[in-house]
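Provided herewith is a single structure, encoded as structure tokens, for subsequent inquiry.
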Amino acid sequence: MMSSIDLCVLCAAVLACLMVGSLHLRLNLWLYGAETLCIALATLFTAQSHSESGLIYIALLIAGLKAAGIPLFLGWTSEKLNVHRDVGAVIAPPLAMHLTIILLAFSFILTRGLPAPSMAASGWYGATAGISLLFTGLVVMLTRRLAIGQILGFLVIENGIYVFALTQTLGMPMLVEMGVLLDMLVGVMVSGLLVFRIQKSFEHIDVAQLTSLKE
Amino acid sequence: MQFFVSLCTFPILGAALTAGSARIEKVRRTIIIISWLQVISVAVLCLPVLLGNVSILQFTPDFAVDRIGAYFLMLTNFVCACSLSHAPTFFRNESLFAGKTVPPQHERMFYASASLFLLAMNFVFLSDNLGLLWVSIEATTLFSAGLVYFSRDKHALEATWKYLMICSVGIAFALLGTILIFASSQHGAIQGGSLNVRQLLGCAKQLEPKLLELGYIFCLLGYGTKAGIFPLHTWLPDAHSEAPAPASAMLSGALLNCALFAIWRITELVRLTEHHAICESVPIFWGALTALAAGLFLVHQYGIKRLWAYSSIENVGIMLVAIGLGSPLLFFLQALNHSVAKVALFLLSGNIIQYYKTKDLSQIRGLLQVSPTCGILFAICAAAVTGMPPFGAFIAEWLILAKSADATQGIAVGILLVALAISFVAVSIHVARVLWGTPKSEIALSGTFAKYLIPSLLCLCTIVLGLSALPLIMVKPI
Amino acid sequence: MTDANIHLLKICSDWILFVLCIVLVPPLCLGLIRKTKARLQNRVGPPLFQPLLDLLKLCKKGETISSTMSGTFRLSTVVVLATMLVLAWMTPWLSFKPWSPNADLFLIVYLFALARVFTLLGALDSGSAFGAFGASREVTLGLLVEPALLLGLVALGLFSGSSDLRLIFAYSHFQYLGATAVPGIWLLVGISILLSSLVELSRMPVDDPTTHLELTMVHEAMILEASGRNLAFIEFAHALRMSILFGLAAQCFVHAAAAVWCMSALTEGLLSIGGICVIAISVGVLESLSVKLQWRKVPEFVAYVVSMSLLAAFVAAGTGVARL
């Protein structure tokens, strides 16, 4: 029996899988925003079902800063850089998307081996979604050559880890959650600003060509 | 509470100062004073723990200083004070010698980033909560990015980007590991779970074993990326060689210790459970492997700072072995000797690069001819870092090898011996080439002895450390 | 009235209803799409059953046959029409159909493929270049999208434990679980069948059916040489194919709804027809609003469709595993 929390996080995992299949930056950012919103919704449902008021604030922060703020910021960056499509690398996006879905099934099998969480409500669907988001983030980082795509991959990994924490341990102590959120936001800001510099110095943001420093 | 205030005052003061409109000379002088005041204040505050009167100083439930934390705290602040004191001379000479004008606002940003960086590193050793430990380490990554990016050219940009991306992904895995440890504590050990290290250590036997093991592996992977273990070390040579010399010194001498300290905390925790085999075999073997890989990389190096970066990776491997062996003394001893010598080396390399105007090892020849002082100090510190007797690193490595042999880790001992031998030969050849031979072009020398002040102080420290640690070998090893 | 008589009456009424549907629904689909597009373009548009009148008009016209054609093109028309009628009889594209024999899902998919093969033969028989490359494009699209349809139906089969489409789409079958997975799988498969039908029928965003440029045609290029009664049959078969695919998708959506709310047979029947109409209208809207994809980008679009089916298949497998 799937609860609404499970449904939300699985929806987020599916949206992340769909993100792999397109190299269009705007679509990727939109899908990232939608998936983060699903995760914020899941946090709200968890807060409601376990009556932890702290999670409500975190849900609002996630919805506001991560779901809305980061796509807007990165979208503004890509507008300024006049970059609308990633170049892609290693494997073609459609194939990568199918691979990601297979990894989703694989993470379902993986998480059956984990011991059931003692406190959280969801069975292993939440852990599945978390691990699958982790894999998806890694695939995104591998198949994107432009810097903004790589930042997006990193953000999806962070989403996955957060979902895992939410469903297995009902989130971490408040202070830690705030710290993590803050770190991530500062990281994204710094990376975003660096992207501008990369554009100015290299006239492209193709990180596969950042190979002048070798062994 | 007052501990915090006093600990944080100086770095924050330093950061705030650079934002002011004081002239750059004033800023330089004040930074030196502030950094040494910070060392003194930390020493005073940690005195009870350092002397062994108190085993741990607990401030709030989530912040505490235990013995090894206090020692590392002292080491970190000392290293940063040395680097920050050398930095003004370095920047002054950049404009004089190397012909590169350093804009004042870049230098201010450097001091500001360095102060915040020091603050974050202090928090790593103070955190008694695994979650806050994670937050501090991520903070150190973010603040040190500003240091690596100092010269703002293409190479620095590439190095910073690689650094940020690889370390962030690695640290994300460490977060997963932390969450798994948190989950393992929720399974009946502690009501509601806890990330507090003291609580976890107290009920280590009741932690859920599978989750704990998984968490350990992920934390090792994650913090190991930050520490630069093979094969996750790819960011390290670039970052350490593109940063300016004082920043490289801080990164090598202090930041790697932070990451290893995080690994130490978690190893300490897993060691108390019944499944401690994993936290003995894995770090030891992986550390030996890292040292070997670094040794092999050291054979063909073309940049003087990359040389020392790979040497740092090798020492990280050795320290990882010490962590696996479970001996805080050996871990700290190796860290101490490595940090002191490495900082001196990086600062001297900075001077050398300023003289020769190139980082390329093949272009740097005849250092003893150009500047005998620099050459002698360089030789002494290089000998100290590669583990030549009678320096402290030799003693630490000897003890580590002895303890591994005692723990019947034969393969690791073998690999380590090979690694140490290869790296010693490689570094010696490179250093010999640098010291002797004839300089390729006319080198203009001038400047005061000020730029050798800190390196010579550190050299003295290495000699003293070596001689004072001698009794450790004479007595039965720990 | 004895039971046997009632039974006979039921069968007769079923068949009469079915024949009416076969005759009326395909033109209705086409007519709805055209009407929607016309309305969105601020025109009045042709009447709803204009396609039917067009077909009747075509039947009265004579044929022009190229001298290079053999008898294959007539054979292909007949086979395609026959296959489509058999498919209409077998596949559960309406909730109220007369009895049909075993409707194995693999058989259905291969019957579609059979129809495609004979369409290609008819196109190639005309000997013109346009027929040939319309055929090649049709084959490419079919190749890309067949996994989607197959996976979607297999997912449903996995979920219900049988490969017979009659059993899968039967309404009284699955009242258990009340789990979220049930409407989820139906929805996913419905979306997947709908999108893959757009690709198979070469409608937007893959190909503009109203284009006049032979270079961009897929379906129209294949039937360029057909005329008169031949053309009428081919067009009718195509429209029937469209109705069957839309009908399948509509059935999936109705099943998704039926898993949540209880429905009577009448409601289900009305919803089936209504579903087809709604799908036709939305396709019309989509055609008005969207832009034709570049041919090189079509595989990416198809990849999304296959992903839907893949997801449905995994969810079905997972529910099966979870049930264990």
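Labels A, B and C are assigned to the chains in the order they are written; within every chain, residues are numbered from 1.
Methods note: a residue touches a chain if its C-beta (ideal position, glycine included) is under 8 Å from a C-beta of that chain, and two chains touch if they have at least 3 such contacts.
Remember, it's a predicted structure, so these values are computed and weren't measured experimentally.
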item: Chain contact topology (line, ring, star, complete or other); value: line
item: Chains linked by the largest number of contacting C-beta pairs; value: A-B
item: Separation of mean Cα positions, chain B and chain A [Å, integer]; value: 31
item: Geometric centre distance via CA averages, chain C-chain A, whole Å; value: 37
item: Centre distance in Å when chain B and chain C are each reduced to the mean of their C-alpha atoms; value: 67
item: Multi-partner residues of chain C (each touching 2 or more other chains); value: none
item: Footprint of chain B on chain A - complex, ascending; value: 114-115, 117-119, 134, 141, 147, 150, 154, 157-158, 161, 164-165, 168-169, 172-173, 175-176, 179-180, 182-183, 186-187, 190-191, 194, 197-198, 201-202, 207, 210, 212-213, 215
item: Parts of chain A lying in touch with chain C, wherever the complex brings them together; value: 1-2, 6-7, 14, 17-18, 21-22, 93-95, 97-98, 101-102, 104-105, 108
item: Of all residues in chain C, those that touch chain A in their complex; value: 179-181, 299-300, 302-304, 306-307, 310-311, 314, 317-318
item: Chain B - residues contacting chain A, complex; value: 62, 129, 131-132, 134-135, 138-139, 141-142, 145, 149, 152-155, 157-162, 164-165, 168-169, 172, 175-176, 178-179, 182-183, 186-188, 192-193, 195, 208, 210-211, 237-238, 241-242, 297, 300
